[in-house]
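The letters A, B, C and D name the chains in turn, as written, and every chain counts its residues from 1.
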Amino acid sequence: MIRGLTRAGLGNIESNEQYITNAAKYGFQSVDLNPLSLIEEVGQEQAKHLLESNQVIIGSSDLTVDWRTTDEQFREGLQSLVQMAEAATSLNCYSCCTYILPSTDQPAASFMAAATRRLRLCADILDAYGIRLGLEFVGCHHLRTQWKNPFIWSVEDTLDWIETIHAPNVGLLVDSYHWHTNGLAIEEVLNLKKEQVVHVHINDAYDLPIEELLDYERLYPGEGVIDLQGFLKNLKAIGYTGVVSQEVLAPTPTLDSSELFAKSKAGFDSVFAKI
Amino acid sequence: MIRGLTRAGLGNIESNEQYITNAAKYGFQSVDLNPLSLIEEVGQEQAKHLLESNQVIIGSSDLTVDWRTTDEQFREGLQSLVQMAEAATSLNCYSCCTYILPSTDQPAASFMAAATRRLRLCADILDAYGIRLGLEFVGCHHLRTQWKNPFIWSVEDTLDWIETIHAPNVGLLVDSYHWHTNGLAIEEVLNLKKEQVVHVHINDAYDLPIEELLDYERLYPGEGVIDLQGFLKNLKAIGYTGVVSQEVLAPTPTLDSSELFAKSKAGFDSVFAKI
Amino acid sequence: MIRGLTRAGLGNIESNEQYITNAAKYGFQSVDLNPLSLIEEVGQEQAKHLLESNQVIIGSSDLTVDWRTTDEQFREGLQSLVQMAEAATSLNCYSCCTYILPSTDQPAASFMAAATRRLRLCADILDAYGIRLGLEFVGCHHLRTQWKNPFIWSVEDTLDWIETIHAPNVGLLVDSYHWHTNGLAIEEVLNLKKEQVVHVHINDAYDLPIEELLDYERLYPGEGVIDLQGFLKNLKAIGYTGVVSQEVLAPTPTLDSSELFAKSKAGFDSVFAKI
Amino acid sequence: MIRGLTRAGLGNIESNEQYITNAAKYGFQSVDLNPLSLIEEVGQEQAKHLLESNQVIIGSSDLTVDWRTTDEQFREGLQSLVQMAEAATSLNCYSCCTYILPSTDQPAASFMAAATRRLRLCADILDAYGIRLGLEFVGCHHLRTQWKNPFIWSVEDTLDWIETIHAPNVGLLVDSYHWHTNGLAIEEVLNLKKEQVVHVHINDAYDLPIEELLDYERLYPGEGVIDLQGFLKNLKAIGYTGVVSQEVLAPTPTLDSSELFAKSKAGFDSVFAKI
């Protein structure tokens, strides 16, 4: 498995360039970022060079399209989706992810119909570029009632939805925090099939009842109560060899960015040990 | 347009044979029934003969598959769906319909995902036989809260869902009662496209606020407040030339079946006049 | 039905502006052109104004994507497809067409597989904008052997392919020349369903055996042997109310463009008379 | 990987019961057969008992539907497909395969369109049961010209077609003979992804130029020139853990069935050694 980062948990990073070089410096092999932004920032040639010279790959890009509001908003993002897909393949990134909020202000049934249609089109466009789409189920209990109507948050419902979307390149983004807040056991990772997993996030949880865990108060790997070693071992056991990115959504840290990179390295060193 | 019947509103009919011969006797050109049941009842040859000698066609068949509960239940119906489709085409019936209850005890989002998947498969199987699938939106207000979670009941949401199902042979069953209880104006029929309409039901409504109209207390065409002449005129105006079936869901009538056929004929004569 | 033009048969037109104003001047209500090119040429506001002030609509746009060669080439066109779709809807154009060459240098089976996949994606992208995709079958006999392997050219095979593509917004571009060179009778137009027809081209044919008719030697409506009045009458009979565009592919004419507009008007006046 | 058999190469087997008990006796863990036939032969209970008591699973079933001729023929098989799928899941068989003849008397392009449509429906029906569909590409050179028009026979074209079919449960049946006759190197197995492989056949080839190898003159594993150990090692390397079934299409053997089971065992022992 590939040690990866997202920007969440790294404090204030000035540029994608700094993000990539620091990732390499602290032993990470991958960063999640928008490949189109990177190219717009430094140019195609330099983007390639930055990644190659640092031996860092792009782990995954966000889905740059608004599939959660109206058909009009959705359409407005298609242009950037195609551009992002072109940028991604030019930098050898073949994974793109989006998260599913567990509640919505829209009527749940018609929102599900619209979201299915929109994500299928995104998946089909991405498929033309060989890019897979990962859907992240979000377990946090407080978000299940944050908006008017419950949507979906479990791994079963998400896999079920993926069957409905019916595009061969759609799978899961499995995040250890959402696994934990769903009350899933670490052994249950073994029920996943390798090909169902597009991308992985890790981060840790406070020692609280899962109902009280907040989406924006996560801990660094190794700091909390999630058995991340077991989590990773089981992902490995099912044959997953892809990127595992840290994503620590948390209040503004007191440490500076270099210290946070170091802290992230230490966390990864501890949970990746013996795997 | 073709004058048609369903069994709803005709009292106690002893057999499909009686149903068909009476339909012809009272000036109807079509009956909605399950073609497989008809063949099982009288045999393939006699089924064909009955229809042809009475110059009656089968307007539409019900979808004989349970797409509303579990995947297991759904699968159990696939066999009969294929048999029904074979029977239907052998009797020149190319339309099959199902209704959408406006609320559900299941979580609305995951039910929508499952229902989309299941109805798409039904549509694709039917398409192999050249059969179209009509989805009937159900407007009655009391049914919107009959079960725990609201589902969908409007024509917009149904058309939207049809887009998501994404099978070229899926359209609407437009029922005058559900049009009325949705608060739609008769002119709005003109917004439909001919090819969106798979099948039509007519029946009439009491002079009550639409919120109080009950699904099982409908009136015969001409007895109530719905402008059925306008409804039919506008269907004709958009180019609809298919079957219009009476469906009067109502408490057990005091009249006998022959009288109900006659009453139905009178109603159709009045609303079809001047169209 | 709406009287429309393509540029084919109009000689040298200097600009889309001239194209639109002349179309109006000579009694046409529609022009086929690329809405993106129009906007790039005169700006969004002026494009809208030009069309509205001349009471001319855009009949159809070409599919601006190369679906006939490699997956790489195909992908390179997706950006412009999205841009074209945005431009089209901003100018109320909801039809986009492409033609199918009846032979190919690629192995026919694998080309069919690739083309199905690519056109389905195009159709799905266009569908997000409410745009339909019309496929033009090309009957000319000399083109059936122009390249190594026969592909498809008949209306049946094209409808069959459309079923395989399985996107609800795909239909036919029916061109009178290709109807004629396929040896189809004018009465057979009545076998089409209104909703199968996305767009129509008319032009006429020399009095030669259909095997000898060349794709690039067509005549103006009324000049040749095709019963275009019957053709249009039958399109009307099935309920077609859309655009009928002239497309006269022919050697460079000796007349100047104004004369060709006038000639086109005269042809349309004659074949549209009594319809 | 699971050692499996097909009936090809086992001479005259009297019944599925004998097939299963002999498979177990000679160290095989799986048999390819039609689960519906098995149930029809011995009943549901006994079928289950036979498999369980012999610790033999069903490796794969044939696709019991004619997708190669007409839409009518195809439709006639849908009933049996649903029955087979029900039987298969009742016996825990989740794989179904069909082969692709490399040439056809039908026009290749329209046959590809029809076959895509038909196989997609089969795949979608099977998917409702959790069954995967494996497509076997057939490399034998003499079959490429056996019928009028070339179809497809390479692994690339088959994977490409699978992308077009666009159903998540479709993959390859990889047969060592067709791998060999396609001129593919054993190392190229490593280019496959585990999830692309639904089923595997092994059998061996005479020491002849691949152009001269006949489909019906195959050898038992270990008797010929194919590096079957390498083939299996590479399948294992990509993570394949499923069934590997012997399929020796060959002229009527002189040995009796027991001897052929023994010979098959010996072949498997040799090629499975050291894997």
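Just a few scattered comments:
The definition used in the following text is that a residue touches a chain if its C-beta (ideal position, glycine included) is under 8 Å from a C-beta of that chain, and two chains touch if they have at least 3 such contacts.
Note that the coordinates shown come from a computational prediction; the quantities given were computed from them, not determined experimentally.
In the Cα superposition of chain B onto chain D, the rotation angle, rounded to steps of 5, is 180 degrees.
Interface comparison, C-D versus A-D: the higher count of C-beta contacts falls to C-D.
Shared numbers divided by all numbers used gives the overlap of an interface; between chain B and chain C this overlap exceeds half, so the copies present the same residues. Each chain gets one centre point, the mean of its Cα atoms, and the points for chain C and chain D are 46 Å apart. Computed centre separation for the pair chain A/chain D is 38 angstrom, with centres defined by C-alpha atoms. For chain B, residues that reach two or more other chains under the stated contact definition are 120, 163, 166.
By the touch criterion stated above, chain B contacts chain C in their complex at residues 127, 163, 166-168, 193-195, 239. Chain A meets chain C in the complex at residues 71, 74-75, 78-79, 82-83, 86, 120-121, 124-125, 128-129. The part of chain D that touches chain C in the complex is made up of residues 107-114, 116-117, 120, 149-152, 157, 160-161, 163-164, 166.
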